[in-house]
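Which chain is which? They are A, B, C, D, E and F, in the order written, and residues in each are numbered from 1.
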């Protein structure tokens, strides 16, 4: 750990806030992406079943 | 050589982005981790700003991406209005939340930085103010997307808003400059002003910027894919309903 | 009743339903203030508590015309008035839903916007408390105004006009709490008055609102 | 075209049509400001030009959703779009009518309200001039916002959200003229910019508005 | 037992009395078709029956908590789905099970569609399905078949008939033939208010 | 000479194609009645003819500046009188004289009444009178007789017949019988878009 001196709180909170925001964005994107993928797969399998019938 | 417009086909786009994305994620993650660790642990403190100079590795890349994301949306909107490629409309939609997060990071880190440097969290400096206005434009753009049901009209209307908004954003920038002279330092990444940032800070900063750019690309590609899948799902459901 | 609350909340969260718009409006008004009065931070610090209260009030006001007018236009209010729920209750529930989607978010957003206006550090706590105590009154009084103007096409502006004077006491005490808090003065009396207004209004106003709504539906 | 202008004006003057409401809102906001920031007169003098400009902007904003939404709801816009008038012209005329019933009265009312806020004597002239030059831009930009949100039920708040950032340059230059005027400084540059915005916007914006309106009617 | 009886009723719209001297009795299982040219006061009468406005004179027996009203507008939220719209009303009226109502108006395939995307007739069918979930015995309906095609009008007639069969009552204003021959026809134009009484509402005090 | 011809037209609503392969020709003096069950796409077709939305495929010859459209809503201002409403539209279309239009729909006694105080059917008559002041040869009307009583429907039929007699054209969507036996009936349900093309608008790219 580098010595941050009297600005430790400042620097750490800036890193903390940014990293939370970035990771939050990535997680939200991934979750929405997975949900969309699942929904699409559900519809596509339904379609295949129907096509076979 | 294949025309780049081929990738405007959603299915083709999905297939290609599927291949590119893992590489992008890895590169983005690597650049960010290397850049941030380098910047955080292995750079000296500035003689005036002390350790707060380390904030630059987040603040500057985020600020750059905040503007570039809007530019990308502007280009994508134009492409949609002129050539009507669905992928570009959806890419603009997908980029907005990324852009707004970047703006937020720039604002938050700037505010945290301002506390020790200027003795205040916030000052109505022209550059900070312009970013706040940019933030508002992002909010309005996203709210309009959310408010319209029909995806094509939503794409049309948000595209026009993006164009008009860009003009007014530039106008606001001049207005704000006129209104208040700032505290904030000028552009310092430009090549002719090397004296501003010493090499020790400059190299890790470049790596971080590369990381942010790659992360932006990865997120936009991924989110565009999500939007395409949602549209495709709706399209299939509609077709099913029409058959029934 | 629960069904009504859930429906109103659901409608607010659906695309275009208006959740978050009050918040955005609050943000924008706060941002516009420095543009209009100038950027000097010492000036901003002085007016910050008042501006934030005024902004919250306007954000609340602007969303009032969603409270009843939509339900009136598509005939829901007629049907609700003939349904087995007391109109007083229905109006209280609608005011509650309005507060949940408009007032409550403002309470949480206010400290962040305080930063933009250089609010004095001592002011944050009392700003939040005063908004939390005062904004419910704004929604309940607003429901009365909405009931009063419901028959009038695009009564939005008229509604604002009728409601604004009714908001004066709430605004005075609310802003007073925030201002005294920011200056480190004692806040007991205005806070008590503010709480009194909120409770009184929540208990009695729905009867007035239901009465005028019934007249308007006639 | 003339018929459209006359009809819009006539509707505005009829009962419930909204004429004077913008004015009243302007008055009330101005009156609420001392309640919220406190009554010290030297403070009020400092913020007076800005508050008056902000009040004018909000009054304008609040009446925007009458600009097109009413005509949309009752089907008039559909009929107008199939009628032999260019939509660009129709929108310009509607923006003009909006300015005549909202902006223009504010120009005349502002000096009176300036008294309430202890506006510096030198400020009156420039306040009136800046409002007269700037408010037309507010109506024209507002027409764009209204056209953008016309299909959306109760788009009122969304409309404000979209339009407010577009108002920033006008507000900055307008308030700057009024503020500098009140302090006896030179006002040439901001006044020129303000006039430039008004003319540019009046010349170009109707095309954008008509484009989005056509998209919305589709 | 549910009954609906009106005695010497007078109803007003705006400041003018439109109908007066109205009287009828409706027993369970009976339906009444209100007829009369445009502007004769059918809407006004139905709103009075539903309790939305007070009668000018005379009295209404029955009605009140027993009556369900359907006006010119359907009270649909375009941002809620068909099923959500109907469920809301079912909960308000404290009944449950929207499936029979959906089925009765052939809305089952549309149940997850947003109400805003329905065609005019589909919206109307949804508005009518609402009557089934109220669980109330007296139906007061204002031009229920507006925008409906012939097949849907038949659906509607069948639904009303089933409702009457269960001891329900219905008062329906309409201009077209509903295919309900068993219903009594009540022509309101015979009861048009005379000129004197036409202004005899709140103006009275000034005359 | 005014004609209206559509060739292989496809129309879409929302993101879904509803009708396709539509074709007809209408000569002066001819009327076309659009029929089809609820949700079959009549409104969509009329809006496309009126130029409010672009066709999905195919072409429309004639129309444009020749066509006057009347939709589900009448575009009335409730705070203007009957005469003021009509005069406004006359001026917009550059014609003059609203008296014949008022007379044709028996609105003369109501001419100074505010439009907001009219009954449903009276409002509709005013909306129809607007067509007469447009002075345009092609009328595209969506369920014009909603809320009209039998006498008013006859008035309407007579007006349309007079319009046709002067070489006018009319396309009318309706569910009820208008008493215009000479008009051709065009059943849109035969042209319902097939399943593949039902989603074949902007969805196409995603399939």
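In this text, contacts are C-beta pairs under 8 Å (C-beta built on N, C-alpha and C of every residue); 3 or more make two chains touch, one makes a residue touch a chain.
The shown structure was predicted, so the numbers you read here are calculated from the model rather than taken from an experiment.
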- Which of C-E and B-F has more C-beta pairs touching across its chains: C-E
- Relative to chain C, largest Cα-centroid distance belongs to chain F
- Roughly how far is chain A from chain D, going centre to centre by Cα mean, in whole Å? 42
- For chain A paired with chain B, centre-to-centre distance based on mean C-alpha positions, whole Å: 16
- Query: Any idea how many Å lie between the Cα centroids of chain B and chain C?
  - Reply: 34
- Message: Quick check on chain D: which residues sit in contact with 2+ other chains?
- Response: 16, 73, 152-153, 155, 158, 161, 164-165, 168, 172, 218
- Note on the structure: Among chain A residues, those touching two or more other chains are none
- Contacts with two or more other chains occur in chain E at residues 72, 79, 117
- Item | chain B residues touching chain C - in the complex, by the definition given at the top | 111, 120-124, 129, 132-133, 136, 139-140, 143, 146-149, 179-180
- chain D residues touching chain B - in the complex, by the definition given at the top: 144, 148-149, 151-152, 155, 158, 161-162, 164-166, 168-169, 172-173, 176, 189-190, 193, 197, 208, 211-212, 215-216, 218
- Item | Contact set on chain B toward chain A in their complex | 36, 40-41, 45, 50-52, 54-55, 58-59, 62, 97-98, 101, 104-105, 108-109, 112-113, 115-116, 215, 219, 222-223, 225-227, 229-230, 232-233, 236-237, 240
- Query: chain F touches which residues of chain D in the complex?
  - Reply: 2-4, 7, 10-11, 14-17, 71, 73-76, 78-85, 217-218
- Touching chain D in the complex: which residues of chain C? 16, 18, 21-22, 24-25, 28-29, 32-33, 35-38, 43, 46-47, 49-51, 53-54, 57-58, 62-63, 65-66, 69-70, 73, 152-158, 160-161, 164-165, 167-168, 171-172, 175, 179
